[in-house]
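Mind having a look at this structure? Questions to follow.
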Amino acid sequence: MRTGVYLCQTGTGDLDAVDLHSVVSYAGNLPNVEMVKDLGTMPALNIEALVAEIRANDLQRVVIAGDSPGFFKPAFTTAMRNAGGDPSEVRLASFRQHGASFGIGTVRAKSVLACATFGVPYGLAAVPDTTPTHPGTVVIGAGIAGIQAALEIADAGKQVFLVERTGTIGGHMAMFDKTFPTLDCAACILTPKMVAVGQHEMIDLMTYAEVEEVSGSPGDYTVKVRKKARRVDVHACVACNVCTEVCPQRAPSEFDSGIVERKSIYIPFPQAVPNAYLVDGQSCTYVQSDGAKCGVCAKKCPKGCIDLDQVDEIVELEVGNIVLALGYDVYDARKIERYGYGVLPNVLTALEFERLTNASGPTSGKIVTKTKRFNKRTKTDEWVFDAEDGAAPASVAIIHCVGSRDANHNAYCSRVCCMYSLKFAHLVKEKLPDADCYEFYIDMRAFGKGYEEFADRIKAEGTFVVRGRTAKVTEQDGRMVIKGEDIVSDRMVDFPVDMVILAVGLVPALGAAELALRLGIQTDTDGWFSELDYNSDPTDTERGGIAVAGVCQGPKDIPDTVAQAAAVAAGALKSMAIGRGLDSRASVSLSDIEARAARLTRV
Amino acid sequence: MAIRANPKLITELEIYGAQDVSKCYHCGNCSATCPFSKEPYILPRRSMRSLQMGLEAKLESDLEPWLCYYCGECSTECPRDAEPGETMMSLRRWLTARYDFTGIARLFYLSAKAEMLAVIIVALIAGAGFLLYGFSQGSITQYGGPNAFLPASSVHIFDWTLAAVLLALLGTNCARMWWFTVGRDTKVHVPLSAYVRKIYLLPMHFFTQMRYAKCEQKRPWVLHLVLMLSYVTMLVLIMFFLESMWSGPAINWSVHAFGLAATAGLLVTTIVFLRKRLKKSEAQYQQSHETDWMFLVLLIVVAATGLLQFTLHRLGLDTAANVNYVIHMMAVVPMLLLEVPFSKWSHMAYRPLAMYFADLKAEEMVSKEREAVGAPQAA
Amino acid sequence: MDDLKIGVFVCNCGTNIAKVIDCDAVIDSVERLPYVAVARTYKYMCSDPGQDMIQADIEEYDLDRVVVAACSPRMHEPTFRKALQKAGLNPYFLEMANIREQCSWVHDDPVAATEKAAALTAAAVMRVAHHEALERRSVDMCPNTLIIGGGIAGMSAALDLADAGNRVYLAERSDHLGGNVARADLTAPYLDSARDMLTERVTRVVEHPNIDVLLESQVRKVDGFVGNFQTIIRAKADDGAPSDSVYDVGSIIVCTGYKEFDASRITHYGYGKLPNVVTSFELEKMLRAGRVTTKEGKAPQYVAIIHCVGSRNLEFHAYCSRVCCMTALKYAHEVKSAVPGAYVSDIYIDMHAFGKGMEDFYRRSSEIKTLFLMYEKNDYPVIRKADATDDCDMLIEVNETLSGETIEMPADLVVLMVGMEAREDSEEVAHLVNISRDKDGWFIESHPKLDPVATTTDGVYIAGACQAPKDIPDSVAQARAAAARILARTALGRIDIDAVFAEVDEEKCSGCRMCNELCPYVAIEFDAEKRRSHVISALCKACGACVAACPSGAITARHFTDKQIFSEIEGVLA
Amino acid sequence: MTFEPKIVGFLCNWCSYTGADLAGTSRIHYAPNVRIIRVMCSARIDPTFVLKALHDGADGVLICGCHPGDCHYSEGNYKMMRRYPLLKSLLADYGIEDERVRLEWVSASEGQRFADIVNDMTERVRALGPSPVKAALEADLAER
């Protein structure tokens, strides 16, 4: 089949990962390739010229090769048709789609191009061999994604090691009050699963631990895990709270996203799994003074299960599959000075509000504004949430897309903020029916099952939904003045409210980038882990036996996260069922792919 | 009544400098950042919208572009890099072209070559004219006195005629501006009394540029004000005190002091602006249209030669002074003849007028609203 | 029964319960009840130490019944049942009193709340005395799976299951695999080749030794229960004549996908009347053929794309179809590429660019000068024929919200982004496999958040757009999730059946057959020669309808016997 | 001191009991007079349960099931619906006031509704005063 190859780039992604010159010369030597032309980046295509070219070389097949060649396809399809050829014989060689990034860029590009010239889907030709797979699985991160994946695999009677950085499993979901759009309480649906994990005989739970190193090859990985010194014996501890009572040191509570303090020895939250305390070395007097001072908790512990001198421990795990469920962190609102977060007392982040409105939170669900308090220890005034003295806000403004959809911050959409913001509005209206509630949004992204209906319901509840992003928040005699444009009713917005909630976006979890490097898997330009194929393989990665689940692959809501986490289990269980799993894609050599593609065209 | 959208306009505006307006996704961030954005004039987003949809009639009648001083805040804060500030600048250029009945302004904006050519031709004609005139009735070695190469009196007459022509051209364009923005507006009718009552706004805005002072950074406003005042001072001196300017070699401080100050003002500010545009330091200096360069270059040449003229005359180098004077005029004439009515300089007139009109219209709209609200109660 | 020993454990749930209820008072009141050997309170019964305590007491006092007064049994019953089991006690010897959700959290008067808590706990104590030891049984799990629907979801699930060595029957109504994805050329937002992806899938499915593809086939009947379904499928045999054949499977995945909304239902758009108003799928055809023209064969100068056709409105479907926004942006790019110099406008409500790579795609769409016009929900744009003097074929009147103006948008070609709709056969399918549908006709998952693939019928799973509108990656993920569930069970080779179900006492049964009709799960069979009815325990879902209905009181509901409930009534009123 | 009626509630596991739990998780307060007994489905509620409750001293009986069409067992609540009128007529014959026994549909997401129903019923039954059954039984005992 007389084939013409056109190289067209859109200029997105890591272009310089591919050496186009060598790709061009390679293409020239492929069988059937009559002509190769490099049209550069974002070419303005002249269809007539293409028609002429196709006719001149009487091409029966055209291959467009580039980072995202689809962007040029319709022009070529039209040209092909106008030239009297078969429009369906325009093939794509998409470098980005098939993971032509740094390191393997050029050779991958060549193999993708080869397949296209043969008219064979890359996925069919580039099938790696299988390798024997160890039955164990390590799941990194124990949020809802990690929990779900671990349970799905363990329920099949397979060994799972669940490694979690913090002192408890549950992740962000455990911090939430209600979940949209059904408004069932997060804890009520999550805690049974957490308990199930804690009780599961096939799950080896490693909290307060981090993955140090990963070696080995697909199907046979050795994962080195650092069990950080928890300084409390998880099994002996009965969570009697004596240690916390006597502990003199305080630090902001991570679980309550810093709106209250906890002691240096603490339990993240009452339903924590494992239900045991831990010592935060950063703030503990004993640890900081190398055992010179304090240590009172160890003395007072009725069960003597506190060992303040405990040191980190390294364990090595032999596994066949690795599941990445790292989750996310929220965008640091301090980076957007004009919203005054960290400066103005009653500007909160979404997570802070989740804790504030949470029935199990510091105010036991009472929505109040902060009150000024003199701190005797630090001898300074500070703003705190006080369930008793705190005044209920008469008006609350919720600002969408904080750190998202913004070239100056994160260009991507964080997918969940619209819905959780609407949920906040509902919670405010539910608890403070007389309070005015405003949503300032750009696009209301209510896309999921029952979401649109939920959005309609919130509007019906009397929340003012204003299209227009708030540009700044300032203070005026104790209240927060928000300034923005109300686009639909074309007015300027400039009025004071009592509380501002910033719908902060999601960012890749701390350490995700390093881990990706250590595992040899790719991340996209925003730092999210790259899936093997956006459409057909959203959970596997370039590296055999390593899968991604949940937000670490890209922002996701709970149902989508759970579905993906379960999907990951399919890959793992599949390999265990037959004792063999797929090797990395990179393991298939260019010549093999050429040969396979050639063979496939003949049949 | 529905307005027809014209997706083609956006492409035309690209030539005027609006390269990125299509990127705008209307979050309203820019309007909220802008210190001037206040009902009924919400800017810059609304102008961006009209431009995206190509609502020509609406844009033509808009005063918003003139209410923007391009502090650049909106562009820096824009989440889509849609450059609202630059869009407003481009709209001002486009409007200048629209107001101009001769079509020359449009020509200049669309092709830098055309403008260059025009400037050169006018310069040459001016040069030739002055030389011919000079040799015809005086000697090049004589600066002042009876046999002067270019006697102040006759130059003065020339100045006045030129001024008259300029005024005529600019006047018509201003009248057209009024017609587009106020005159033909069926929704709001501004009564004559209001024009009279608010006339003070014109000189006030012209001389103080108080609105500009509202921008967050004050420095641009100061520079702009100095430049403008120096220019006006110079204009006044030339128009009314040309003889005493000419007098010498003894320095006549009562006039020359002003002259020197103004020249200094012009030189300093233009050079500062030139540097900013070259360095592209702030948002508002990043994209420069050809006309911006032409404007600055001419101004510097005029100021420099003017100063040189002054010195040469004091040093008694009459021949040099005469030659330099012709060069000076070769810059002055095109600057006045082309830049003032047809290019950037026209905004000296359009801006204060826009403020004036905007104020009048706003007042009308507010009173209208009051009636609207009041009516049912009366009934 | 006199030597019965009952342990009562009252949970404080931190302060959740103790704040309102005086737990010690509850202890005092229940201690006096018969058989109570030990009664204690603890901060968190559900916590590991709490459970350890229960287990320790079972040892120490050799308890044979346990009552836990804590949160709702819906939350921690499994937890405590496990605890009993660990201590060597039958898990069904547990009864919980719900003194949190239904007492401490809903009452503020400590006295009344404590009194109520005591009553509820007493009721549990009296009930548990009548509990019987029940055994969970397990049935063998047939490793085969029937997948209904050969779209992208069905094929993805099939491959996962087959690769693991399980037999898969892939039943597809039409004569080809691929479903709706087969109609697309490129996918949003990266404009990857849908065709290549599909070719790869289809080839692998067709060539897979473990997958039987049944084209032009229809599931006629589904009998049996989880792990052991007998299905009858009518498929087109090689000779052409359709024939029924029986397939034994252990699980069923429903991936029947969606159908497109009928655009002619919205009169404002004049679809079917105006020749150059086409649906998204029709444009897709043009693009694949390399012929994007008007009906008159001219290259369109103005192309308008209208979003949310049939979606997000009051008249037709309130829900968002989830994929149209990105598909619309895809068309914006494709049209600009196929017809250089064409002006593309995109008439939308909210731009749902929520997923990976989508916002960037949206940005690029505006960079190529797509004109976006925003309209309000339910305020439909109106399309009319343009006048001869106009330079366009049609005019679209939009109340444009971003400008507040009523805009007249010129158009030569209008593309309607038709939304997704439940297929007309979804009701039939739902009946066939006994699952339920929501008001829009989408199949209902067993939990909207934590169980998006299972259904209320054990062994039947749903995946893809038949559950709700979904894009390709989300459908594939869900399909693989369903596969994972099945793989987990096939790995074990068995399914545990709940020990709670109804039983017919053949002595008492009069054979009136009233119960036969009553059972929604056809779990009650009539034995003609014995003239007695009996329950197929694996099918019984223990609703108890038959128990209450049986005129001769011959049916008992395990774990919900009359005796147990009567004593509970006595308890709450004691 | 005001009369505090004792009300026995029979709730189906899937909708109403969950709804009652939701009232709890949403901290919606209601009268403490109702004592809830969980059954898998409202269809399981045998009329004798109601009679038993009244006999043992309940002043009122509340029966809750899924909304018609929402039944977890597809049509169990319809069976209850059909059974209910018979039960009522029987109770009427016994001279038990109509408002003492009540059938309501409460879904899993209707915590507020459940609370409202309980409060309303408690008020009504309180207004009716103690159940005549109790009195009758006492009289019976006295005779013997």
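Annotations
Order of writing sets the labels: A, B, C and D. Residues in every chain begin at 1.
FYI, a contact is a pair of C-beta atoms (placed from the backbone, for glycine too) under 8 Å apart; a residue touches a chain by one contact, two chains touch by 3 or more.
Nothing here was measured: the structure is a model prediction, and the numbers come from that model.
Note on connectivity: the fewest steps through touching chains from chain C to chain D is 1.
Using mean Cα coordinates as chain centres, the one most removed from chain C is B. Separating the CA-averaged centres of chain B and chain D is a span of 84 Å.
Remark: chain A and chain D have CA centroids separated by 48 Å (rounded to whole angstrom). Computed from the mean C-alpha positions, the centre of chain A lies at a distance of 53 Å from the centre of chain B. Once the centre of each chain is set as its mean CA position, chain A and chain C turn out to be 24 Å apart.
Shared interface positions of chain A, i.e. residues touching 2 or more other chains, are given as 182, 184, 188, 405, 467, 487, 490. Along chain C, residues 351, 363, 402 each make contact with two or more other chains. Each of the following residues of chain D touches two or more other chains: 21, 25, 27. Those chain pairs judged to touch are A-B, A-C, A-D, B-C, C-D. Residues 4, 6, 8, 13, 17-18, 20-21, 23-25, 27-30, 32, 35-41, 43-46, 48-49, 52-53, 56-58, 72-76, 79, 83, 115 of chain D are the ones that touch chain C when the two sit in their complex.
Interface residues of chain C, counted against chain B in their complex, comprise 302, 343, 345, 351, 362-363, 366-367, 369-374, 395, 397, 400, 402-403, 405-410. Within the complex, the chain A residues that touch chain B are 338, 401, 405-409, 442, 467-472, 483-487, 490-493.
Put simply, chain A touches chain D in their complex at residues 182-185, 188, 359, 365. Against chain C, in their complex, chain A makes its touches with residues 12, 44-47, 68-75, 77-82, 87-88, 90-92, 94, 96-97, 121-124, 144, 148, 152-153, 155-158, 179, 182, 184, 188-193, 195-196, 198-199, 235, 237-241, 270-271, 274-276, 360, 405, 411-413, 415, 443-453, 456, 467, 487-488, 490, 524, 528, 531, 533-539, 553-555, 558-560, 562-571, 573-574, 576-578.
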